[in-house]
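Some structures are shown below for you to check.
Across the two complexes that follow, subunit A remains constant while its partner is subunit B and subsequently subunit C.
Up next, the complex of A and B:
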């Protein structure tokens, strides 16, 4: 059975929502060290969160900062040490330097995340040889390209729902508007705030920019199932607390049962700026291709 | 001696930048680089570019840094065979798996890790070095201290952009353009994703659209997401002491403008080495060049935005 995973940025969020529908949880927000309560920066909270999840019988993965510069590396190395001490199940990184460091220094289980830019089978083969256990193919890849990666002995995780990352920067541009919004770090990014230009809507979140629309593969899950992938991710890092639980329940039912029109309508209602398929069908990421529901 | 690398968006530009004092030129392989195909060279033109370079005692790098589909890796290898036999000095690559293929096939062919690799720290630089890269292109956002530390710890060649654009996001880790609009075409059997620079097509520059910040109300409007001209000058006297290559981007600009920019930097680097620099004079000259360059970029940006709008209507 495919693993259903999501991400939880803080202990507060973990305490207030049910993660029951999920098999595994990525802890921490990879887009900003200063995010209020970020589990990658607060080791006491991290310890409690891991304990909670283990009691629930969930697998625990720790994420790491997505775009580390030299000065970030010592902090990441400390986080890795802590993660190993707390006996987590895997560490996620999107930086080849960090991935290589974890494999060479600790030979610990690594998941290469979506910003790792894994576009080709040549790179999948290289990561397989390095011992990387799981990859997320580049978000820009269509299903036909992801399918080719199954030839290698590496687990594959893809996003099935939520706002996909579209870019990452060296700083938080949203802070340029702190006077306009009347709010500063670390509160401003927790508001419902969007960049909008004509047809295009984006969601700023820390150093990352996310899609304004929710990627939704609810109608098309069989197409992904045919690939026999290893994990489906619901991207909920920037969402309000209830979103994670509601979407998780709907996809759990979808995986164990079938298409339920009311659930699909619910997913659409949760997406303020609509749904899309990302790049799975070789179209612009913000386009939605109708499926079972016409 | 630090190398001055210039763009070759056409054979005419290749000749012009060598005349202007560039040590080497980079050209895009048709259908395989991070720019529009009209600024790339076909096989015959690449052979001619190498001959032009050899006549001047200079060299050619081939940018083959678009991400191919899995079934296109065979085409990549064929293209690599061609580039090697044509006598290019180096290949510029974006994908670490493809670097391994080049390293195994042609160990003497120099590999440059493209700006699209977005190498941000010394551990990553070591990883690319071990994968075969002899030189890495540094992101424009890295500081002088960071560059020094990478050089010291990774012991790999460093190429620094001195004329480019800094983007809203880290270059190579952005798909805002293809999220907005995308068309899949083919060039000689190789897929060509118009709207995705990572996959070999143009960027529609969504950063430069007019944006609003909205929530419960409109907080701000009419702003761009940062995408600004990047021209180094004051830093160059220090950079020439420890980096290996200074690169001028701009295959898509007019040959006349690029020739002027290359001449400017050639003369400035020579003056730095001779220790004859009055920075105020050079800043004034660069300011004039920057105005010309911005005017050209604005025209290109408007063209690209129109293309993107048409894609959406289709």
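Up next, the complex of A and C:
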């Protein structure tokens, strides 16, 4: 059975929602060290969160900062040491320098995230050669390209639902608006802030800018199932607390049962600016291709 | 060859191959045109769109040039493991977005000879490479600093279905007027790239970003080792 995973940024979020539908959890917000309560910056909270998840029988993965400069590396090294000490199941990174470091120094299980620049079979072969256990292909790859990666001995994880990152910047845009919004770091990013230009929508979130629409593969899950992938991710890092529980339950039912129209309608209602398919069907990422529901 | 290149009469020039280089094919050359150039000059060829290795390999085999600029980790690694191809100088494109010394170290390990760093980390050049490293660092002396790090932007693909990485074309959605909306619009903003001239003393090579300009005054730039 494919693993259903999501991400949880803080202990507060973990404490207030059920992660029961999920097999594994990525802990921490990879887009900002200073995010209030971020588990990759608060080791006491991290320890509690890991303990809670282990008691629930969940696999625990630790994420790392998505765009580490030299100054970020000492913090990442401490996080890696802590993750090993707390016996987590894997560390996720989108930085090939960090990935290489973890494999060489610790030979620990690594998941290469969606912004690691994994576009080609040659790169998958390189990562396989490094010993990377799981990859997330570049977000903008269609299903047929992802399928080619199946010939390598690496697990493949893809996003099935949620807002995908569309860009990583070297600073947080939200801080530019702190006077306009009347809020400063770390409170400003807990607000729902959007960029809108006609019908185009984006969601700024720390050093990342996310899709305004929710990627949704609920109708098309059989197409992904045909690839026999290893993990499906529900991206919920920027969402309100109840989102990950509701969406997780719906996808768990979908994986174990079938298409339920009411569930699909619920997913649509949770997406303030609509749903899209991302890049799976070789179209612009914001387009939604209808499936079972017509 | 880049038509605006200040190095057009130099012995060393940098060209794009049609269908393989980023930005417009209008300024790129055909395989035969590059072969002709290679007879009289040291030529570096930009293959900085991301394509599968078999296509890259065919071009690398066919062109007797000095080196290539490549935007795919796997392709670089495979070229450097191939005894027929490993004599070429390989520059890793800025699209690979190296941000720290571990990245530079890794790129050297897979065979990169020259690494192009994003302009955002220009002031960290001297902390990116350890003593004894052979890899050369190429920095932008003049660059467009964009909304996102170069190589970490999917806006064109998301809104227009045109991948900068795969098609080499940017639809510049960042330049639109965006309303910053909370409950209501609080501000309008455009993320138009900023053209910035840098003073980068410690890089091994300097690069001038010009592919997106129609005209550019290069008189005040001392480097221009590369123009891409």
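Heads up, the rule we're going with is that the second predicted complex is superposed on the first by the 294 of 294 C-alpha atoms of A that agree within 3 Å, B and C clash if a C-alpha of one lies under 4 Å from a C-alpha of the other, contacts with A are read in each partner's own complex, and residues count from 1 in each chain.
Quick note on the criterion: a contact is a pair of C-beta atoms (placed from the backbone, for glycine too) under 8 Å apart; a residue touches a chain by one contact, two chains touch by 3 or more.
On a predicted model such as this, the values are computed, not experimentally measured, just so you know.
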| item | value |
| --- | --- |
| Fit-or-clash call for subunit B and subunit C when the two complexes are aligned on subunit A | clash |
| Partner chain(s) touched by A:269 [first = subunit B, second = subunit C, both, neither] | neither |
| A:87 touches, of subunit B and subunit C: first, second, both or neither? | neither |
| Partner chain(s) touched by A:101 [first = subunit B, second = subunit C, both, neither] | both |
| Which of subunit B and subunit C A:44 touches, first, second, both or neither | neither |
| Residues of subunit A that lie at the interface with subunit B and also at the interface with subunit C | 67-70, 72-73, 95-98, 100-101, 115, 117, 119-126, 138-140, 166-170, 177, 180-181, 191-197, 200, 202, 209, 211, 279, 282-286 |
| Contact footprint of subunit C on subunit A as seen in their complex | 67-70, 72-73, 95-98, 100-101, 115, 117, 119-126, 138-140, 165-170, 176-177, 180-181, 191-197, 200, 202, 209, 211, 279, 282-287 |
| Residues of subunit B defined as touching subunit A within the complex | 67-71, 73, 95-98, 100-101, 118, 120-128, 130-131, 141-142, 146, 149-150, 168-170, 172-176, 178-182, 184, 195-196, 198-199, 206, 209-216, 219-220, 225-226, 311-312 |
| Residue ranges of subunit A in contact with subunit B within the complex | 67-73, 95-101, 115, 117, 119-126, 138-140, 144-145, 148-149, 166-170, 173, 177, 180-181, 191-200, 202, 209, 211, 279, 282-286 |
| Subunit A partner contacts - residues on subunit C that touch it in the complex | 50-53, 72-75, 77-78, 95-106, 109-110, 118, 120-121, 124, 127-128, 147-149, 151-155, 157-161, 163, 165-166, 173, 176-182, 185-187, 189 |
